[in-house]
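What follows is a group of structures, each given as structure tokens.
Note that chain A is present in both complexes that follow, paired respectively with chain B and with chain C.
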Partner chain A sequence: MIPFEFASPKRLQDATSAIDHKSSMALAGGTTLLDLMKLNVLTPDTVVSVASVLGNSVRLEDDTLTIEAGCTMAQLADHERVRESFPAIRQSLITAASPQIRNMATIGGNLLQRTRSTYFRHPDMPPPDESFDDSNHEKFWHRVDLSSAAVLGNSGRVVGTYPGDFANTVVAFDATLHLEGPDHQRTIHAREFYQIPQRQELQYSVDLKPGELITAISFPVTPALKNSLYFKVRERSSYAFALASVAAGLELEGQGSTATIRQAKIAFGGLGSIPWFSQAAVQALEGKPATDDNFEKAAEAALAEATPPPGNEYRVRLARRCLVRSLRRLRDVGPYSDTEIWAMQHGRTPTPA
Partner chain B sequence: MNRAPDSDHSGGLGRRQFLKGVGTLAGASCLPANASAANETAPQEKNVLEHPVSLNVRINGKEISREIDARTTLLDLLRETLQLTGTKKGCDHGACGACTVHVNGKRVLSCLTLAATLEGAEVTTIEGVSQNEELHPLQEAFLRCDAYQCGYCTPGQIMSGIACIGEGHADKSAEEAREWMSGNLCRCSAYPNILAAVRQTAGAEPESDPAAHVRTFSLAEASSQEQ
Partner chain C sequence: MATTTFPKLSLEGAVGRPIVRRSGRAKVTGTAPFTAERNLPGLLHAVAVPSTIARGKILSIDTSAAEKMTGVRAVITPDNVPDFKRIPTFNESMQESCLASHVYPAAEREVYYAGQYVAAVVADTFEAARDGALAVKVEYDEMDHVTSIDEAPADERPKSLFGAPPVIEIGDAVSAFEQADVKVDVDFDLAMNHHNPIELHAALAHWDTWEGNESLTVYETTQSLSLSQKTYQSLFNLKPEQVRVICELVGGAFGSKGAMWPHSVLACFCAKVVAAPVKLVATRQQLFGGTGHRTPIKQRVAIGANSDGTIKAIIHEGTATTSENDSYAEAFTMATRMMYQTEALRLAQTQSRLHTQSPTFMRAPAETPGMFALETAIDELAVKLDLDPIELRVLNEPEKSLYEEKPFSGRHLVECLRKGAEAFHWKERPRKPRSTRDGDWLIGTGVAAATYPAIFFPTQARVTLRTDGTAHIDCCSQELGTGTVTTQCQLLASQLGISASRVSMNLGDTSLPPGGVSGGSATAASVGGAVRAAVDALKKKLVELAPSDSSLASARPDDVTFKDGKVLLGSDSWALEELMSGKFKDEIAAVGKFKGAKDSKTSNHSYGAQFVEVAVDEELGLVRVRRMLGCFACGTILNAKTGRSQFLGGMIMGVGHALQEKTVWDHRLGRITNDNIAEYHVPVNADIPDMEIMWIDEPDFNASPVGAKGIGEIGITGVAAAISNAIYHATGRRYRDLPITPEKIIL
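What follows is the complex of A and B.
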């Protein structure tokens, strides 16, 4: 690592006024920042420790679940109310990273983690400026592993995927981020916070100004959040990033395939350059009967704009199947239990709890 | 159990001391292995602690106060400054779990923990889990179950396993224990035996050597089976 100055302010205001997110960066759990500093991908002059000035409480009041940004992934996943009532939140945390990392990583930092593509983690690689849509002649892109390149929101270029899981639940269920600067506070919908890469950018950017920190995140509690799940497919059973994943919630009126979908919440992970809220899927589902046919149509609509890089066409099909399977499960049985998730991941038939 | 203390090399130059010597010669651009032992006139000394941070931390019950470089990770503090080399450096990027230790009772990755963030914290490493010569029950179980081959991931597996048992993830289904031990990779793939050691210690399985249940055929038996 390149030498840096370490600051550990006692008050949030001192922290925010010291951070510009460029030469002076915030350190919370450290699981992304230190990793990238060791690679010299990020080279801040000053590292400001913020874990002790951020709150870490989780509160449920008036149909709003508010999580302070210093709360760890493990702490949120194990919170009694989250465990009981909000399956998509819990599952997008416990299927991410490892128990050790979840004990360290904070919710605020988790929302801001950078792409994990091995290509973009190399500081000396030139930015890819060519489009990959012309497949008639072979290019560099045809010979490298692009399984962590985005297939949605990539403008036909090779850009990194947003790697996280929890943020997909965040955009699916329309959570709000609370930001605080040295002399102001503001809120922003998570769906507007993430911006797809522009021009030469290799990965997403966020609407976070110099001096601002995420201090909390709040979820509106809806029936769909209670009838929800997070379904994740990866190259190995555990401790891996998603090839495709779905955060889904359904509020149904009636039973089985004759039920009407009152509200649908859908986002994809592992595919987009940003956590991918699917307005197209929501529109294809809401107000319609919960039939397999409508689920298939929603999956088609959700992936209609996909532009997979060479060799990644399979991830589009994988994503469609993930969505249809998730919706059927929510309609026919309801959320997965922890026992089922672990059994599913490790390739065994679930034993009845 | 016989355990040779790391530092006790009565005759000749021990492997660890030899490596330490090589490090001093080759490590002009590295952090000093032991700041207090470094020669005052050594030219690199001034540049190295460019951004010093003072740290007070309890490691395995012992109060430690040190002036450290801001870049020092907990893993490097343990291995390079304190010579607690039981904790292993695998990937150094949070992808393997070999460096797992406990901070304030929770399992974390020491390679991604800046030591400077640990003011006042309580750290437990593999060196701190046994009581004098009495091994921790999970250490005993690793021996009984042959839960390693090369042994490099073992300290991390044991630290993670102790936490996993404490969290209550090791005494239910095998799938649950597998999932909650998945942050520790083993390139020798001793996973079935690691899982057995962790579940036996949690009381989910009777204490036994997993290999004892493996049926081995003699040549005569194998031949008669084929007919």
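What follows is the complex of A and C.
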């Protein structure tokens, strides 16, 4: 860690005018920034504490759920209305990180979590810059670490996976981000906020201008958000990043596989260089009967554009199955309860209450 | 056997009781003194500069920027490193040195592995030292490196496998295998592992003068204090009284603090250069390269049997790795020497050299990887023979240790298998794989045998009896969190016939009588042996203290016993207090020495049986452990609570070994990439199911002076095989490469 100045402004405007996201960075929960500063990956000259100038309320008004950016992951997950009515939001929070981290991390900061790619976290380890297409290089790919390499949105080369969970729910359910600068406010759809890495970039960028902070996120409350889930597969039961995950919601008209899908909300985590909203899956589902066959087709369509790094083909298979299983569950039973999520961690099928 | 190697010792009273570990309260209240938290007046801080290349020459080290930084006191490089002697490592001289590697910190002109400390910065604060370390610029001339076991030639035999030759042959196993009715011939591939104790490796070194001589005090995270003292003596040409090493508590080690890693030597170098006490903590990142690891291993196990299940031949061979300059050899074929009856046996190991830090002991070195291969192959043989895997093991139970040609000191493997099977409801298990489903989960159960040798290290302990009825033990042993203080106090309490609360113990300081390494599950029996010898010596002293007209004065010390603070001889008794005050003494003390048991007439090992139930979701690649049970025979269990905890800990670590733990490399760069505990996975609470621990509590006085054989490691040794066998039972597919991660399981 390199020495830095610490600023603790009293008003939001003072904070925003002091932040350029490069030499002067915002500190909220600190669970990403401090970690990366200790690794000398991020080396700001000034760290501006914004925790006290951001609101942290959660409000449900006129079919919009608005979360102020200073709200912690734990606070949002345990919010009464979220617990009762919005399973995908709650589950993408409680299956992320650890209780300690969730108590510190803010929702605004969580959206900007950096990739876990070893080549990002070790500035002295150059990433491989070869293209996956180069078939002569099969042996080469066994010798590099591809465990956090994206399989979607990678332009056929090693780029870091977006590691978070909640943001997948955010893009799936088409939430809007509220941004505030020293002298302006604007909103942006979360789906447009994230941009896949461009040439030479190891990870995503965001449409956040110097001086702007995320001040709130708002979710349109739809029937699909209520009939939703977050399904995460990882190498251990807790405190691990997703190998693949799905944020999904379905609004159905009718029962079982004869039902018609009125609305579908689908995004993948653990796969893309950005939280991966799947327009292809949505198109393959909406207006169609909720049959297993259509679910399979949607999964095929969703992953059609995947370009997995060599040896990571299984993550595409895994993602398809996560989606199909999620959709069947939403159609046949509905959202998971907390008890069921814990039971799944222990390799058990919970007995229905 | 009618007579035992060590005379039997009656251990009534405190021994065995589930007494709460004495350091427990200090630990949960955050007041327990761990090494890195210590402070000394005038303490400075050092941060190491690790190499970023895997092999090459150092062209230059530019310290100019670092030296100018505020708070920086010195930069240590090969140009100003203080004098020291290059000494043998523990691989060459286990009695004299615990130095891990011949590669010295801040002293080499070449780099032999990534993470090698090429320099260090000492500063007033940790932060200044860290910033300074970043500003040290090293220029390298890179050379070719090999860090993958798949890319290195396995063309060398290790010199010695803990004293045994690298090739052992009994009969002609190759022909016997060829001619066998039923054959299993399978290969196993195990990933590199790092111990990752929660407590980071740290050392505080302080050079001072004491009675006109130079003296060195080191506070350090170590499993081997007395050997560390000797090592510093040799490194810096000092006498024993000039070196003191202190470690009150170890916060997890698992073998990683058995040898002396470069950060400790570097702390001494730094302290010498700046003439002030210096603290150096290896960071979590630096642990990967700064300390050792369990080597990756490739193994083959071939077993041939008659169609009735009688084993005719066992072949166990393979390759482990070691480093360019050192000779640590993982004896992974060791347990196969005595596990099962066979007509012919062939054990053969080769090694390859990688540009890594030296590999080292990791919880149950040798047994953990070796038993995974052997016990998986045994399960495969049972499947081929259509026999229950427990019955196959019972059928091939040996009468004596094949290689050693000695009777077992106490085996009880069959008993463990039977008792465990009953508690686990093994007989309800369908023989056929893929027979049980629970929703999306396939359910399977597996069993494996566990074993670990009874190892001892020479140890001395001083026992003091006081007129107030209390007793005290002094021994330079280590408290690894296993409960050494608690259990040794129980052991002495039982011998004196008093309650454990009246016994205290000091350890963790080389100013105490020398102890052995707290590794190899050796501490309980080694310290216990010394405590027992001290009690014997005290009996002699008490006889000398006895009034000349008493029967005690002419007693044979062996006939003397203790009860409730009294000395007993036949039907006579004397209060300890009176014996001592009669000669104007407040206390009497005696030092007991335990030499270890080198020339044992018996083959000394612990055994156990481990049972696991897993759930496998093969669509998603998930394996979850649903139930675990271990039944062990390790001789006397000194404390039912701390003993159970050690078995639990071993079994939990086994879940990590089987399913999660894997050091990931970029072999192109020759560097470890998952050098943090978010990506280096060990089990979390949610991975661990309800666990049941049982034991056969029968003292083994052939193996151990106190009947206890050590329990720290056996708990892990059968877990990976039991899990892989359970996964086979669930899915019908074999997984022979560890860890068994989702990418291997997913269909």
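Simple rule for what comes next: the second predicted complex is superposed on the first by the 342 of 353 C-alpha atoms of A that agree within 3 Å, B and C clash if a C-alpha of one lies under 4 Å from a C-alpha of the other, contacts with A are read in each partner's own complex, and residues count from 1 in each chain.
What we mean here is this: contacts are C-beta pairs under 8 Å (C-beta built on N, C-alpha and C of every residue); 3 or more make two chains touch, one makes a residue touch a chain.
All values reported here derive from a predicted model rather than from experimental measurement.
By the touch criterion defined above, A:D124 reaches chain C but does not reach chain B. In the overlay built on the shared chain, the residue A:P3 is in contact with chain B and with chain C.
Of the two partner chains, chain B and chain C are each touched by A:Q345. In the superposition on chain A, A:V233 contacts chain C only, with no contact to chain B.
In the superposition on chain A, A:K297 contacts neither chain B nor chain C. When the two structures are aligned on the shared chain, A:A51 is found in touch with chain B, with no touch to chain C. Residue contacts after overlaying the shared chain place A:M104 against chain B, while chain C stays out of touching range. In the superposed model, A:R191 makes contact with neither chain B nor chain C.
Shared contact residues on chain A (touching chain B in one structure, chain C in the other): 1, 3, 237-239, 342, 345-346, 348.
Within the complex formed with chain B, the residues of chain A that make contact are 1, 3-6, 8, 27, 29-31, 34-35, 38, 47, 49, 51, 74, 97-101, 103-104, 237-239, 338-339, 342-343, 345-346, 348, 351.
Residues 52, 127, 130-131, 134, 148, 285, 438-441, 614-615, 617, 619-626, 659-660, 664-669, 671, 673-674, 676, 678-679, 681, 683-687, 689, 741-743, 746 of chain C are the ones that touch chain A when the two sit in their complex. On chain A, the positions that touch chain C within their shared complex are 1-3, 39-40, 116, 118, 121-122, 124-126, 128, 140, 142-145, 147, 233, 235-241, 243, 311, 314-315, 317-318, 321-322, 325, 342, 345-349. Remark: chain B residues 50-51, 53, 69-71, 73, 92-94, 97, 100, 106-109, 111-114, 116-117, 119, 160, 163-164, 167, 173, 175-176, 178-180, 182-185 touch chain A in the complex.
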